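Order as written gives the chain letters A, B, C, D, E, F, G and H; numbering starts at 1 within each chain.
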Amino acid sequence: MNEKELTRLLRGVRGGKLTIDEAVAKLRALPFEDLGYAKVDHHRELRTGFPEVVYCAGKTTRQVIEIARCIAVRHHVALCTRCTPEVYAAAAEAFPQVTYHEAARVMVVGKPPKPSARAKPIAVVTAGTADVPVAEEAAITAETMGCRVERIYDVGVAGLHRLLVHREQLEQAEVIVVVAGMEGALASVVGGLVSAPVIAVPTSVGYGASFQGLAALLTMLNSCASGVTVVNIDNGFGAGYFAALLVKRKR
Amino acid sequence: MNEKELTRLLRGVRGGKLTIDEAVAKLRALPFEDLGYAKVDHHRELRTGFPEVVYCAGKTTRQVIEIARCIAVRHHVALCTRCTPEVYAAAAEAFPQVTYHEAARVMVVGKPPKPSARAKPIAVVTAGTADVPVAEEAAITAETMGCRVERIYDVGVAGLHRLLVHREQLEQAEVIVVVAGMEGALASVVGGLVSAPVIAVPTSVGYGASFQGLAALLTMLNSCASGVTVVNIDNGFGAGYFAALLVKRKR
Amino acid sequence: MNEKELTRLLRGVRGGKLTIDEAVAKLRALPFEDLGYAKVDHHRELRTGFPEVVYCAGKTTRQVIEIARCIAVRHHVALCTRCTPEVYAAAAEAFPQVTYHEAARVMVVGKPPKPSARAKPIAVVTAGTADVPVAEEAAITAETMGCRVERIYDVGVAGLHRLLVHREQLEQAEVIVVVAGMEGALASVVGGLVSAPVIAVPTSVGYGASFQGLAALLTMLNSCASGVTVVNIDNGFGAGYFAALLVKRKR
Amino acid sequence: MNEKELTRLLRGVRGGKLTIDEAVAKLRALPFEDLGYAKVDHHRELRTGFPEVVYCAGKTTRQVIEIARCIAVRHHVALCTRCTPEVYAAAAEAFPQVTYHEAARVMVVGKPPKPSARAKPIAVVTAGTADVPVAEEAAITAETMGCRVERIYDVGVAGLHRLLVHREQLEQAEVIVVVAGMEGALASVVGGLVSAPVIAVPTSVGYGASFQGLAALLTMLNSCASGVTVVNIDNGFGAGYFAALLVKRKR
Amino acid sequence: MNEKELTRLLRGVRGGKLTIDEAVAKLRALPFEDLGYAKVDHHRELRTGFPEVVYCAGKTTRQVIEIARCIAVRHHVALCTRCTPEVYAAAAEAFPQVTYHEAARVMVVGKPPKPSARAKPIAVVTAGTADVPVAEEAAITAETMGCRVERIYDVGVAGLHRLLVHREQLEQAEVIVVVAGMEGALASVVGGLVSAPVIAVPTSVGYGASFQGLAALLTMLNSCASGVTVVNIDNGFGAGYFAALLVKRKR
Amino acid sequence: MNEKELTRLLRGVRGGKLTIDEAVAKLRALPFEDLGYAKVDHHRELRTGFPEVVYCAGKTTRQVIEIARCIAVRHHVALCTRCTPEVYAAAAEAFPQVTYHEAARVMVVGKPPKPSARAKPIAVVTAGTADVPVAEEAAITAETMGCRVERIYDVGVAGLHRLLVHREQLEQAEVIVVVAGMEGALASVVGGLVSAPVIAVPTSVGYGASFQGLAALLTMLNSCASGVTVVNIDNGFGAGYFAALLVKRKR
Amino acid sequence: MNEKELTRLLRGVRGGKLTIDEAVAKLRALPFEDLGYAKVDHHRELRTGFPEVVYCAGKTTRQVIEIARCIAVRHHVALCTRCTPEVYAAAAEAFPQVTYHEAARVMVVGKPPKPSARAKPIAVVTAGTADVPVAEEAAITAETMGCRVERIYDVGVAGLHRLLVHREQLEQAEVIVVVAGMEGALASVVGGLVSAPVIAVPTSVGYGASFQGLAALLTMLNSCASGVTVVNIDNGFGAGYFAALLVKRKR
Amino acid sequence: MNEKELTRLLRGVRGGKLTIDEAVAKLRALPFEDLGYAKVDHHRELRTGFPEVVYCAGKTTRQVIEIARCIAVRHHVALCTRCTPEVYAAAAEAFPQVTYHEAARVMVVGKPPKPSARAKPIAVVTAGTADVPVAEEAAITAETMGCRVERIYDVGVAGLHRLLVHREQLEQAEVIVVVAGMEGALASVVGGLVSAPVIAVPTSVGYGASFQGLAALLTMLNSCASGVTVVNIDNGFGAGYFAALLVKRKR
């Protein structure tokens, strides 16, 4: 509630259009719905441009479905990440329209917007085949938020020419999500090649001294290429969301 | 044994009321019960205000039940944390009065005291739905120790207004237990909002660079808000116990 | 601003006692003072019971003095932690009343309240002589906040009888601050001996595998004694503040 | 060199406009200048939108000046980060136009572009006063790249109202750089309040379990707010550069 | 494509032997095969002396088999590491010639070259019996690349004479792969005994403070013996590959 | 082979009692038995006072049995640690005399020596009930090596009086093994109470910031009590072996 | 105070030989001397066999001298570790008899006992020359406690024959202290060679991935040789003390 | 001493050419020189192909000079790493022929061999200018061991074309040493481009989450390119030595 709305509200009080109780209610009322174990934040779409997203890990099937319903009713679409096939099976019975992206472990309840054909695409790039699930989480998230995505998979630095052949495609992207485990060097190489901003996603792919993604994370944080920022290990959702934010704000 | 009691005992010896053997026994005897694999500390209620609590992890079902019995017999109530449903199933046959709090993994043998209506409540607050089990461990612990608890769940900083609406409720608490995983920022925000002391409990909720709760732990230890102390990751029991200690000492 | 005050303000608007501009100002105005590089939070005393404290590290001498003046003018006393002798030297010329506690690196501008004689004291305990500076930071903080402090120094577990002789004194404290470096075992031992709540402060005293206080920190977080919470390494201020909060709320 | 340019070059060869040697030279020649100890990358402005930046740490004064000259000659402006006053003193004699930003440790050789008045500003926000140097590195970087910057300093979560008063200003930023040490919670709180993308910069401000910025880094990587990405500890430059990239691509 | 080939290609264009479209295709075309989820790098044999190796972890059975087929068709042999018995079972039906090395978890599709009898062997040495699987991965890799391997297992430093008896055999090796978990001291001892280069492979064998191989890794990186380099924890493949590279380059 | 034996051997050569071939064989021959995957070190009993011990983890059942047989044949007794019930089941059929200590996961093949009644006992002490399996590994190891062991279990510092009552018993031990998880403070407390040398064994008992025993390990390494040394996390065998070594050397 | 002394004291009370006040005093009085900042533990010699040792780090010169005097007066000798030349300079004026061991940073006030010629020596072994200061701390400590020490320096595993030549000398030691930085492999090698118990001291000698001694510490904790225990990084004192304890208890 | 020499020695004994005492001496005598604080290993040149190298850190000037003299006398050249200008100044007076490489902190006493013109060179590559000192340590080491070195500096992945232009030069190297700090991605990129073996040297260049070289170390250990091994952080010497070993063994 900004100053202008506040002035209008107070004028309404003085002019008698609003009772004091009504004004108190307006000032106090906050747009969330309380399910006891969860407080669904309906205000978030206004505040951040996209409705609350359901992070399914650590929630029961019943909780996920109730929260998703609560969001989909008001916002047309509910994005559910880290979603198991079991939860999807239950959701498939509960909702008329629901899609499950198995590799990405993402469930979409309701109908996501059509991507705008005019906007430049988001490129989602992986170093290896094993990084694809995290990349898909990013891609599906961005698509559900109405963006166009181009997937360029398995172009890690051990065979640099595989990446170089996609150079032009990378240059034409609005923003690039680079998903890589093991040593995570791909983010720096892409960041050094093109002018688009790069969102780097370290993955837990690897073994031994990869320490479940720590190696890739540190690599990306220390990138000598300048236009690179980083999200949490395996956080495809965060990267896809941030990329979509950039595309949508530009329009 | 303080100086006064010592003086009295020695007077008894001089006056012949106590034989030397009796005095030696009194001075040596210490109030615990030896089960071989465990030494149940009956003195603890006197010393710290609450009987010994059974930490079930790493103990066999038989051991938990024997220790719990040993405590409940002398102290009316035995609190068992990290308790599996299997142990409860066996306990349900062994004891006439036993309650199991599934989410909290807490079993209570015997009859806990009624909470005092006059005392201010303890507020137990979580950042998300996945933090609820740890929060419940804190809440049940405090209730079993005779305190009143108010639960405020899923008010993390990604939707700050959900927290702000509970501000008054927080202000009226005697002490606040803040339970949060991922980045654990809620403890600092609550600590900056209200004057009540805050006990912060990092949880292992999260993935990747949360490193099983390390991220939330470090956040809470570095809190820029002043009235915040921290317990171990997922240690709902410790926070609930400490909070109850503050409430009970105040009375 | 709670609901009651809001109702009163709105009544003032309707009754014409308050112009709309005045009301907007009141609703918008927030009690801090903007020095450009710092926003002094005058609201904090109301909100948390004690005025903002100046953490001197990373601030210039001029900044510390301006912020301290800004606080002392409205709240009578300004507590400055991690304060160098150089800053004190400048402050001694700037303020009529200023005290410097060298070991604790704490400067107090203005006149702290007298401790209440009726309240039970806070015990501040150290494992070794090298832990004394951190302990003094805790003690001076609590004293500046109007509490009585009893110092029990150099009673580490390598000579347990040195601690046991102070048992009664510990029992009579309202709350105990335990300051220990190296292996930090003292917090558990004190927590197991007495019923008072224990605030544990790990210190960076030690070498090698103490890893600048990490060893003591982990020890204290894993304490098998129940009434123990922990603050950051070397954070004497935080422990003293929390302890004082407990004492003051009790009154 | 894209496909179109390649076709044109090959046509030139067939048409005899280009000798084979010339074509080989063009295909082989790469736009960098070799100083022996450094290879200045003149191609970078084309490739990434801004000339190479000089990271001064670990370079001799003479090396910095030679590299900066080499860049400034071709690109009008050379940005030098982590620059000591000693290097600046030497540069002041070597270059006709050079500015030194002491807090930020940034030196600008030559004349940066005027910021576009039409573009929305970048907000640079700090949790505390000690975070200002890193924030200034971000701000000066973005300004040198032709962006408008609004500074909002010392609005950490220990006094949330100081932040809330700037809410509208934050909402109007194109992108927000949040600079915070200690527990770094500010990034999540800002990310939860507004819809602008947030670039989080952990700083090494703090002590003990802040582990030179690790605590703030982990906090920010685990942010429960969605539109947040992270750069290296104390990497004000990286955040300013990324933010400027977003602003410039939008135009 | 080196300068010479480039000159020849351009001459072809000028002489009319090559159309411009053909030349563009040649310059653009890069020798990999795109399976969608993977881009098989056929160029690698030329570039690095051995065809691409299939790292099976994180790939589906179908993916492994398709990639292996794609490699074996062009290069006669496909080496598949971290291969489960399940994948082998499917491969056994798909390929006419396939071998599975169970301890090493290595599958070889097609027919590896015969080892040259003249070349000196690679010695593969383990500290204990539990290190054998990693050692076998190294040995099979080197054998598949056409090298002779001598296995010397269970000669850890707790019984130094077991190693000393093999001294001459070690001296005659071209290169020595030392595989050790727990404290990993064997690499230093071997490095100090003989003049052959040593490739050290830390293994995750051990418990407690071995931290899944970290202890052995650090030991090996800090080796006081000079001719020792290190690969990732449990990376038998990497060590075998590097060793084979040395042997093959020497011929 | 010491100098004296060497002289005798050389005299034998000169005197013709030994052929040169025999002498070479003697000098070269080293007393181990080669099973291919393992080299059983029969020399160890001479060298270190006890035959080689079988660490079962990472070995197949068949390997354990063959190695154990190979040791038992020459040395009368074979101690097998980290032994599963499955291995024991197979061993029970393979050997006439074999004992399995389930809690300790220790199997003893053959007949261990009787403990000497005259020697002072080894005290094995635990902080909690969950530490008992590691303690039993220590105790069984020492007993199999012919020592007398006194078990004092569940005397952690949260109830110090439980420990103090055993003070005399501790004083009479030749050496004390202290087994503790969580914060591991018991080692320091015991080390400060008595004059016997203390072998501290951190265990992985605990959760959260115990980091699988790291907390207890660091505590024990930083012990402020002087006569304390430390072995690996959960290494009951190592502590029992070292303790037995001290007892046996003393005789 | 053991049971026997207690019985005698109580008999004295009954018999009137002791007044009640005297008995209370005896029971209460604990043998330490309170200097305010330090409580000197005079009881320690009785309890642990050697008077309290002064760890100088973190103490002022005046504090060290007062504590040392306090100890030397009652126990004839005071051992001061981590002692700077400055403290020694002051001590040289304060005490009639004081020795400073510069490499070891150890000061001895008063007159240490003569080593017994009959007892077997302690061997102190280093891997390199840079480990000598820590080794000297161990050696001087043991000598001050009345033991004979043999120094064997610079025999690290990079040149194993340097160690093997000292084999007999090592075999004849009562206990061996092995001091090593970098990879710390020497402890395992010595432990595998001889039957004497080994006290391993990791040092902070090294760089990079030695992480200030962490690498050597982990190596030693994971030693595959059985008779090895470990003390803190650079803790020469602890190793020397423990070794002396073993020697003295044997007599 | 191998079997053949042993046979000859024993024949000498039987034939009377050698007295028994002489034979014992020969068998016992080991070729090192004992300076008390150091045992100079003259046998190392035979054993490992190059005389012992002096690691100067932690040694006094006098010690370095004595050890270097001792080596140079017998082996013509002594290589001294981590050597300060102060030590060099003293050495310049002590030795007739001595060279100091300032950037590399390497001192060479005596006359190193001429590099063989026929052998292929070692390429030493750095990512940035700040990595040059470590690279020079590698280069000087290899040159002192008689190898030819080509330096390719400042070709990090942020400007990939700078590296690609050197591709042919890299292909012609016998072995490539890649020196890189920050994210260390260069090793993987070089490893993927060429067939020569790559020795990767992480450097401590960087800040924040580079953690003094840990990030680069992990990157290199997890390299997805196959022919890459790794040495310790900043260990230019180790990489140069290993590279020279490969070149020399090939001849």
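Methods note: a contact is a pair of C-beta atoms (placed from the backbone, for glycine too) under 8 Å apart; a residue touches a chain by one contact, two chains touch by 3 or more.
This one's a predicted model, so the numbers in the text were calculated from it and none came from an experiment.
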Exercise. Can you list every chain that touches chain C and also touches chain H?
Worked result: A, D, F, G
Exercise. Can you list every chain that touches chain E and also touches chain H?
Worked result: A, D, F, G
Seminar exercise, completed: Of E-F and D-E, the pair joined by more C-beta contact pairs is E-F
For this session: Mind checking chain C against chain D and telling me if their interface is mostly the same residue numbers on each side, over half, or mostly different?
Result: different
Seminar exercise, completed: Per mean C-alpha coordinates, the chain lying farthest from chain E is C
Seminar exercise, completed: One copy, chain D, sits on the other, chain H, after a C-alpha rotation whose size in degrees, in steps of 5, is 90
Exercise. If you average the CA atoms of chain D and of chain F, how far apart do the two points sit, in angstrom?
Worked result: 59
Exercise. How many angstrom between the C-alpha centroids of chain H and chain G?
Worked result: 38
Problem set entry | Whole-Å gap separating chain B and chain E, where each centre is the average of the chain's CA atoms | 54
Seminar exercise, completed: Cα centroid separation, chain F vs chain G, in Å, comes to 25
For this session: Specify, in ascending order, the residues of chain E that touch 2 or more different other chains.
Result: 3, 28, 128, 158-159, 192-193, 208-210, 214, 217, 221-222, 225-226, 232-233
For this session: By the touch definition up top, name every chain pair that qualifies.
Result: A-B, A-C, A-D, A-E, A-H, B-C, B-D, B-F, B-G, C-D, C-F, C-G, D-E, D-H, E-F, E-G, E-H, F-G, F-H, G-H
Exercise. If you look only at chain H, which of its residues touch chain A in the complex?
Worked result: 127-128, 156-160, 182-185, 188-189, 191-193, 206, 208-211, 214-216, 218-226
Problem set entry | Contacting residues of chain B [partner chain A, same complex] | 128-130, 132, 153-155, 158-159, 161-162, 164-165, 205, 207-210
Exercise. What residues on chain H touch chain E, complex-wise?
Worked result: 2-3, 47-50, 53, 168, 174, 191-197, 199, 217, 221-222, 225-233, 237-239, 241-242, 245-246, 249-250
Exercise. Which of the residues in chain E end up touching chain A in this complex?
Worked result: 28, 30-32, 36-39, 41, 43-44, 52, 55, 57-59, 63, 202, 204, 212-214, 217, 232-235
Seminar exercise, completed: Residue set of chain B touching chain G in the complex reads 3, 6-7, 10-11, 13-14, 16, 20, 23-24, 27-28
